Structures are given as C-alpha cells and as structure tokens.
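Okay, so subunit A shows up in both of these, paired with subunit B first and subunit C after.
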Partner chain A sequence: MASKMTDDPMLQVEGLKMHFPIIKGVVRRQVGSVFAVDGVNFHINKGETLGLVGESGCGKTTVGRCLIGLYRSTAGSIIFEGREVINQSRKKMVTLRRRMQMIFQDPYSSLNPRMRVRDIIGEVLKVHGLVEPKNKTQRIAELLDQVGLKSDFAARYPHEFSGGQRQRIGIARALAMEPRILVADEPVSALDVSVQAQVINLLERLKQDLNLSMLMISHDLSVVEHVADRIAVMYLGKIVETGSDRDLYNNPHHPYTHALLEAIPQPRAGGRARRQSRKLLGGDVPSPIDPPRGCYFHPRCPRVEDQCKRDNPPMVEVSPGHVVSCFFPGKK
Partner chain B sequence: MMNQKTTEQTLLSIKNLSTYFHTPEGVIRAVEGVNFDILKGACLGVLGESGCGKSVTALSIMQLIPSPPGEISSGSIQFAGKDLLRFSSRQMRSIRGKEISMIFQEPMTSLNPVYTVGNQIGETYRIHEGLDARQAKEKSIEMLSLVGIPSPQKRVDEYPHQLSGGMRQRVMIAMAIGCQPKLLIADEPTTALDVTIQAQILDLMAGLQEEMGMSIMMITHDLGVIAEISDKVVVMYAGQVVEQSSIDELFKHPLHPYSRGLLNSIPKLGDKFVRGKQPLREISGQVPDLINLPSGCLFASRCPKVEKKCLENVPQLIEIAPGHDVRCWLAG
Partner chain C sequence: MIKPALSQSFSISSHPSSTIRTLKRLWHLRLGILGSLLILCLVTTALFTPWLAPNDPYTQDITQRLLPPFWMEGSSSDHFLGTDHLGRDLLSRIMYGTRISLVIGLSAVVLQLILGVGLGVLAGYYRGRVDSAISFIVNAMMSFPFILLALTLVSVLGASLQNIIIALGLTGWPVYTRVTRIETIKLNEQEFILAAHSLAYSSWRIITRHVLPNMLPTLLVLSTVEVARSIIRESLLSFLGLGIQPPTPSWGVMLAEGRDYMLMHWWLAAFPGLAIFMAALGINLLGDALRDYTDPHLRKY
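Showing the complex of A and B:
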C-alpha cells in the first residue's frame, strides 16, 4: 500500500484476525469457530477519519473492539503510535487505552443508570489520575461544554436525558481521556434522524478542534461518506475495498461496493424509477461459521467466474491508495 | 354507515383521528386530529420520527390500541365505506389479517418462536378461509415461493430462528398477504434489515402491490425508503400531520420547516463531491413532551423562522397548492 498517505500512520493494522470458538457439550469441546474478522489490513493517519462500512455480521464492530483491546485478537498486529497493542498486559493496556477511546452505539445501555453524569465522567478522570481532585468539577464542566451540554447537567442521571444528549455524555466521557483516536461504533444509528445531524456535526467539530483521528464504523454508507476521508468496505470478516471517499463513490471497483451504493435508497424525487431500474444483489450474507471457499462474495457476485470459487482473490492496487480484493476489479 | 364523500378510489379515509393514552403523569396526546386518505392500489408513506404518532395511527386503524390506558377519543376511520370504529371486536377480527394486514419492524419478535413458519402462515387460512391443516400448508408453501424464499417445501417446516432476518421479514409478508388484503400496513418493515436485503424487500412489496392491486401504508423514518416506494406522503410531527403531498413534490418543494429540516439534516450520497463538504444542517432542540404540549405550533420551539403568531395560535392544515397541504403560518 504505497501511497503518500502512509507517511504518518497513527494506527497500522496488519492481518488482524478474531476467531471466536464455538464450544459445545459437557466436555466443552471446541466444535468450530466464528471467523468474525479474518485478516484485515488498514491504517489511519493523523487527523484522518477512516470509515469502516459493511452490513450486520461483517465484523466491523469486532474490529473496533479488537483495537481498543476489548477482545484478545487471534492473530495480527495493531501498531498504535509506534507500539504494539495486541495482547499486551492489562497494565500496559490501561495506558494505551487512554489514547484510544470508543463511542458506543447504544446511548441507553452504555451509561450506568445509577451514576450521575459527574460520576460517569469523573470516574474516568479519577482512575487515570488525569486531574487534581480539586479541579475535577471544573474539568467536567469543560468537557460538558465541549459537547454542547450545560454544566449543571453534571448532577443529573442518564434517564433524565434524551438519546442525543446521552450520546453527547458518552462522547464527553471519551474525551475526558484526551484520546488521540476515537473509535465511533455506529454513534448515530440509535438516534432519531433530526438528532443524528447534531451528533455527526459535533464529532466533526471535535475532530477538527482537537486534531483527532477517527475510525467511524457504520452500516450507513451515506453517513460514512459524509464524515470519512477514506473508506474501507467489509464483507464477511474481510476488507474488500479501501480507497478515498471520492474513489469509492465515483469509481467503486468491487462488485459488493457497487451493490451497496446501488441499494441505498436516495432521499430524492424520482425514487420509484430509480428502484425499478437498479440491479439487485440476490441472496443473503453467508454464515461466518462456514464461509464459502474462494472469494467470500462469490455466491452473490454478478461477476463470478470459476476462479472465484476456487481461490482467494489478492489485494490489487487499482490506483494509488485504492485497493480491491477481487479477480475482476472494476469490470461491470 | 355509508359516507357520501367517500369516492370510488378511496380505500381508507381517516378523519380527525385522536388517540390518547391516560397515564399517571397525565394524558399523552399520541395522535391529535389526523386526517388522510389512502387510494386503492396506491402507496402512502407516513414519515416521522419516534414518538410522532405514526405507529399509534396504524394501531388505531387495526384497533390494537391497548385499552386502558389507550383510547381512540374521536374521529372516524372509513375503510371501504364502513366506519371501523363502530365495529365490534368480533367484526374487527374478521377484518384483521383478511382485509387489512400489518407487518412489523422486528420480524424476530413478531413471529412465534415455538411454531413452524408454515403453521403461522397457515393460521390465516385456517381462520379466515376455513381450510384444513393440509390445505393450509399447501397454501403456505405457495406463499413462501411467492415472496421469494428458496426451497419453500423445506422452509415451511422450519422455525423462525432457522431463518435469516431478511427471510423472516419475507415470512411476515407472506403471512400478511395470504388472504390478499386490500390494505397492507407496514410499520418500519425494513429498518432492522441490511441495505441489500432492504432493497429486495422493497421490490417485493412494490411488486405485490402491483400484482394484487393492494394499497400500502408505509410507515418509516427513512426518507430514502419513502422516496422509493410511495406515491403520496404524510409527514407527522408530535402527533399531528404537518405536511401532505405527492412524493416528488415533497422532495422538490418541501414547505413545512420540519420537512425541510429533515431533508437538509441527512447526509446524501455524493453531495459532498458536488457541493463540497459542508456541515449538516441540524434541527435544534427536541420533540416536545406529548403530555405538556406547548400552545401554538408544536414545532415552534425548534423552528428557525418562528414568529409571535406561531407561539400563540395553532396553525391548521391547509391546501397551499393542489394536493399539497401544510400546517404552518408562514407557508405559501
């Protein structure tokens, strides 16, 4: 992946695999594995947003969880600011995690309902010793202000807030750690349409102001395209195409990226005609327990040939920084 | 009970429908004075965010409002010339699933996990058409193949957990259209599905609508889905209809500030490359509390163009252009 963008990678992921064992019976024998993430490579530069897009079960959330060490990855390497992250001791992870924070999908289950906002954020500050105890209240007020909440909200409990406000609290908690990189896992999909824009704009502004890097994980290609500088498309545990936002939108080379772009309903006039004219992707995503041989996409692929059923497609660089895993990239 | 005004083409006509829920905290005005018509063979989209009353409207039509605490406090629902609100519960049972069917958002929770899909689809035939078990199963297999489920003879004996999300939604549709209903109410039928599967389901629904001459009431918060399937659209906000027009008219000339806000607040694929990247335009604030509704226009607190008049008087839904109604003091 030789391109000018690799000059300054904040995060470099190589061959990341996460296989969950399937354990059955009284003797707890492993009968198989869920190949949730099966060899993923990508990097994120300083101040850059990488969008990770794919349908449910493709492994995008698992990638995010491996990054911040919530899972012990099966194989691969994650180099963050020059240091290996994978399978470090707990102690080392604590310091590493400070610099890499996650925003969760569901603002209803990711905040402890029995803690006040000031304790939710304050706990983070205390555990990591980030501020002097006497400055804690001040710092919490700053953080709340940063995410557009009033400082007197600090005394309230999560149930007193709407979904959008809760998501802001989750963001404030992540920012409390002064992270360099934010992993945002579907940060807006649980929110109402009119509130989504508020949270997306907030994330964008914070990223600018604090010069953060971001991994934006979402199933919604419209959202990802809006925020991301580069986009990686995942299918069944693998990245099938990576490129700049523009490359992927104007010049998608993988048939799956194609199909995703086609399938997204557009909020514009003339929608019925558009729906009738598009080519549909048939079938369902295969099970990650028993992925098909050869290219994982071949059972649904309109371009499928014999080779696709036999061999794993290589990663091909079709233009600088635009990489596709397909034997017949770009062919329509 | 015949209504003179009901024309030949109108299948369902809702007049001044209000549905309230009596709770210890006060009366929730979930639906307040809603009017709209659904024409024969047409698809009406009902657009709105959570809590806007779109699902309660649908449940009111089906008379599935739990009572108490719910109550349809006024209005009429004319279906094929008859007022459903005057029907006894026995009469309603002969309508549900035969004349009017409904599909729900979450296919996993709406299917019974302990019965085979064949059993559940067949139930409609056994109840409404008096078929015996064997005939009902034959019919079920027929319906499964109609909704595009591969090897229906095998699937008919499977349980819901053995099917994928897309297939479960197909089963729901098969159940709903079994008796060739005149009206299909679909409450967020694709929200839980992936985009490529969503595209398949939308095509399926539109195809069935054409073949069977069925009317569809499509409830969703997704502007893209609405654009692709409906002919006309009703925009709801805080229990009221705020705008009503043909689908293309809504996207070309949205008149209510809420509709405009919604259209501007969502990222649209490719816009970034045409106009350059701009922050999304947010709708500030939140939906009002349905127990303590403000006086005047319900959108006033979030409206960028609010005037004194808006805070004092409730605007009525008026026809601004042919077939285009808006509830706003400043429209036109």
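Showing the complex of A and C:
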C-alpha cells in the first residue's frame, strides 16, 4: 500500500479554527464562543488514509464538517489539490468540493426515508450532470455493485435495509460524486461489531480500487489502527500528536496518546498485573467554552510542570513525520 | 437509537403498492372508517347537491312556513326536515350549505398552508434574524383573539365568500408556521439533510425534496383538523352577521336565523348545528386516524 503513495499532499489544512458563537438574550448578544476546533494543521497525501482520533467532543466531527463545507470555518486555510477552498464563491466551491465527500455516522438518519435508493443516488447524478440521463440506471447499478449491493435494491426504500446495507448506500451516494477524498465520520460506530469489519473492509477496498484518499474520524483506536496509514490525535480542538501508525502505537510521545493506548482493553494472560500497572486518565475534558491556559492537557497530565500551565507547547518533530505538541515529549 | 424507520423494517418481504397498504391500515381503525364515511357523505352531498336536493333552497312559500320535520304533527311530505320562517326547505338549504362549508374549509386551509408552511420553513431553515422576525409575528398573531382579527378583516374587506376565505386564511396560518418551523429545525439536524448540503444541492431542492416531504404526515393531520376549525369559524362569522350573507344558505347563517325561533321551532337551529357537528366530527376522526397511521408508535398491527 505504501508503494502506491506519493508525497504530494492532496489536502493541506492549516490553522483551521471553528468557533461557534454563544448567543443569548433578546438582543442576540454574543456572550462567548465554543472553541470546537482551535488551530488544526494536517495534510493528507494522495492515496493515504489519515486517522483522526480523540474523545467525544474534542472537535473531530467539526473538522470533518469544515472540510466538506457544512460549517464556515472561523479561520485557517484548506488547500485541496493545490487550490484554496475557503472563501470561494458558492459556484466555485461546489466544483471544488465535489471531489471531497462525506460518509456519515448514523446510517439510520443519513438517508432520506421518503426516497427510493435509485432516487437517492440518481439525484446526485442528475443535479451535477454526472451521466447522460439514459445511462443513469446503469450507473446506479454500477455504484451499488461497487459497494456490494444487488442492483435490484434500487427500487426499495431505506427502511427495508439493515444498518450495514444503509451505510453501503450512503457510501454509494458519496461515490456517485466521483470524489478524490472521502471524509468518513465514525462510519462504523453505529453498526454491530460483526458488520463493522465488512464496512471497514469495503472502505479499504474502495480506497485501493479508486485510489482514494481518506480522513477516517473515529474514537475507536482499533478501527483506526486497521485502516490508517498515519494518525492524528486530537484533544480539545487541537492536534496533539501526528505520526505514522507504527510510530504512534509503538512509540507514543504525548501523554494523552499514551493514555489513549493504555485504555485499549487487551485480553492477555496474566492480565491482572498489567491492569494494575495501567495508568488511566482521571478527570474530564475541560469545557471548550473556557479552555485552560497554557497546554490544554495540563489539568489531566501526569507529567505536568509549571511551564505547561503558562505557555502553549510548540510542535516538536521527534522523528521524521512524527510531530508532538508537548514540552516534555518522551516515552513514558 | 430507534428511529421510526427502524420499526417499519418488518415489512421487507412483500411490496404491495403504498396506496393499498394505506387503505389496509385505515381499515383497522374503526373510528377512522366512521370519519371517512362522514367525509364521504359530505363530499358526495357537496358535489351532487343540485341533483340530490329535494327542493330549491331559495324558493319561499309563506303558506308553508315553519313546518316541523317529518316525524312531528303537521309536517309536509315535501319538506323532510321542515321549513324555515320564509317557507324554504330546510334539508335543501343544509345540503347547499355543505358546498359553502367545504369550499371555505378547503380554500382557507390551502391559503393557511401556503402562508404558514412557507414562513415556517424559512424560519426553521435559515434561523437567525429571519427566524426571530417570523417567530415574533407568529407570537403576536397567536396572542391576539382570532375573532377580533377576523371581524376587523371582514369589515374592512367587506363580507363575501372570497373575503371570508381570505380572513380565515390570514388568521389561521400561525399554527402551521409553529409546527413547520420546529419540524424543519428537527429535520435539519438529521444527517440526510447534512448529506444534501455536502452534495451541494441548492436550498430550493433541499427544502422541496428533502425537508417538505418528510413533514407531510404532520401537515396532513394538521390540515384536516384545520379544515374542521375553519368550517366552525365560518359558521361563527356568519352567525355574527359578518360572514356569508343571507339568503345564501350557509350553516352559520341558518343557525343565526334559527336563533329567533329557537323556543317554538327548535329544528331551525338544531339541524344546521347538527350538520356543523357531523362535518367537524368526521374531519377530526379522519385526522386522528391519519395521525395514528403515520405515527409508528401508535400503529398496533
């Protein structure tokens, strides 16, 4: 898989910020902001999968939605195939964003219950003029086949399908746009474990067949480990560590990454001794409305020093391609 | 997360057409049947009155005035439900009144739907200042007594069939706005609407193809109830003398005319009143049945 990859970034995100205003009162005064995404940098190469992991509420989904254009980001730049996507006219944005598509979390709400499968997919083709009208039926069958569904499912309504099948329909709908990048926002977290693997394998296969890049957003490290070439760990609206999946799993440098890996349940003989030696994180994620000063992680950090409470930690490259935002990066 | 769609998924195997399925389910609701029958009577009467009515509703015959209905002493076989103070046949007048009531009920609801749903979707879809402005108007309208507003409108516009429809339309829309606004906000959080945005569909397409079809059941139920309400409100306006003008046979007008003779000739007011009651009951029963049918939690079969 690595051989297929080239080093030219398909997507480059810099300083991405998304602050949601909190508006109160009759005069609609802004009383504060939710710093959902607070300066995020990453890139995705051609044919690569970047896994974005973090706890619920850390801003993973918001990052995905900013990319797709569902949210108008507060600041930052998103360069896709060499062109800036943010602040373009609507028409230009449509053509740019066509090649970035999203796979949604909840297959039970991501399909319009009042449309047949052929209309759900056909609408995409029609609105964007992607195929000649006479070839539409054939293209829909092709797309369904690509995601492993029978073409005679096209006449059915979403409620006649299982969760996994619905997720496949959602994927087919995204593929209809002929995307270069798929943003998969927790694509399997709403599915049964037995079905999760099927959908993950489907995404893997599509990625290879169509040479897609992917941003895989998930809180489940085992999912990300299986799919991602590189992983970015997010905490409270910031990316705290980025690296290849091997670097990150074997050699985590940020205390938060470390804690996340420790928290993976591992069936193993003599587990009790290991369980006792585990260091699990205490406390809760601070509110993104009023994030702590200095390093956002310091209230929960086991290696906290005075400096952490004062200053923002810089991004340090501990080995090629492995970047950590910590004053005291280290193994344990 | 159990979504309505999930609990429907047992009907995978066979594919009877949706109309047949709808009818099958309605069959299970006996009150729904009763409602449907009443509505059927109402509509048939309205459509075929000129052929069904035994007499002309306007022909006066002073010698035959204030005749009682058929089972009472002194009744005439020509006048099944008796005659009013000008000797006009009561049954025929009630039958002609059906037309007016239905026309008013349906047209007023269409007008309310256009205004109310339009504004409600705008408010719920765009939020922000648009929403604040529309919600303010709705709240103002709803805190204002209907009768005062309708009376003012009718007295300014003048009493005629169109103007009553306009008055009922202009006063009845805030309910729809409230309901559609909330429904739109709820739908906007659904991922299929987000998907529609990410697929770069136009707002028009998202509203007409994705938002509106998904609130159709709600609107259907609301509209049936509002048809009944509009019929009652028309009677109310006519009763007060600001609605349909005599001699046009409207149920409200007949009720008002009958009031003066209530003590000795109760049937003059009772039968038009009964007609209003039956119409409203029928429409409400059908509305309830439709609500039960569209709500999967109440669907027991």
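The rule is short, and it goes like this: the second predicted complex is superposed on the first by the 316 of 332 C-alpha atoms of A that agree within 3 Å, B and C clash if a C-alpha of one lies under 4 Å from a C-alpha of the other, contacts with A are read in each partner's own complex, and residues count from 1 in each chain.
Definition applied: contacts are C-beta pairs under 8 Å (C-beta built on N, C-alpha and C of every residue); 3 or more make two chains touch, one makes a residue touch a chain.
Keep in mind that this is a model prediction, so the values were computed, not measured.
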Room on subunit A for both subunit B and subunit C (clash or fit): fit
According to the stated criteria, A:I22 is in contact with first (subunit B), second (subunit C), both, or neither; which is it? neither
For A:M177 in the superposed arrangement: first (subunit B), second (subunit C), both or neither? second
If we overlay the two complexes on their shared chain A, which of subunit B and subunit C does A:G69 touch? Say first, second, both or neither. second
Hey, is it subunit B or subunit C that touches more of subunit A? B
By the touch definition at the top of the document, which applies to A:V223: first (subunit B), second (subunit C), both, or neither? first
First, second, both or neither for A:E123, with subunit B first and subunit C second: second
I'd like to know which partner A:M102 touches here: subunit B for first, subunit C for second, both or neither. second
Minimum CA distance, subunit B versus subunit C, superposed model, integer angstrom? 5
Starting from the residues of subunit A touching subunit B, keep only those that also touch subunit C in the other complex, and list them. 162
Given the complex, residues on subunit B that touch subunit A span 49-50, 164-167, 194-200, 202-203, 206, 221-229, 247-248, 251-252, 261-263, 265-270, 272-273, 277, 279-284, 286-287
Subunit A contacts subunit C in the complex at 28, 65, 68-70, 93-94, 97-98, 101-102, 104-106, 108-115, 123-124, 127-128, 158-162, 170, 173, 177, 190
Residues of subunit C touching subunit A in the complex: 1, 3-6, 8-9, 11-12, 129, 132, 190-192, 194-201, 205, 209-210, 213-214, 216
Help me check something: in the complex, which residues belonging to subunit A touch subunit B? 55-56, 162, 164, 192-198, 200-201, 204-205, 219, 221-223, 225-226, 245-246, 249-250, 259-272, 274-276, 278, 280-282, 284-285
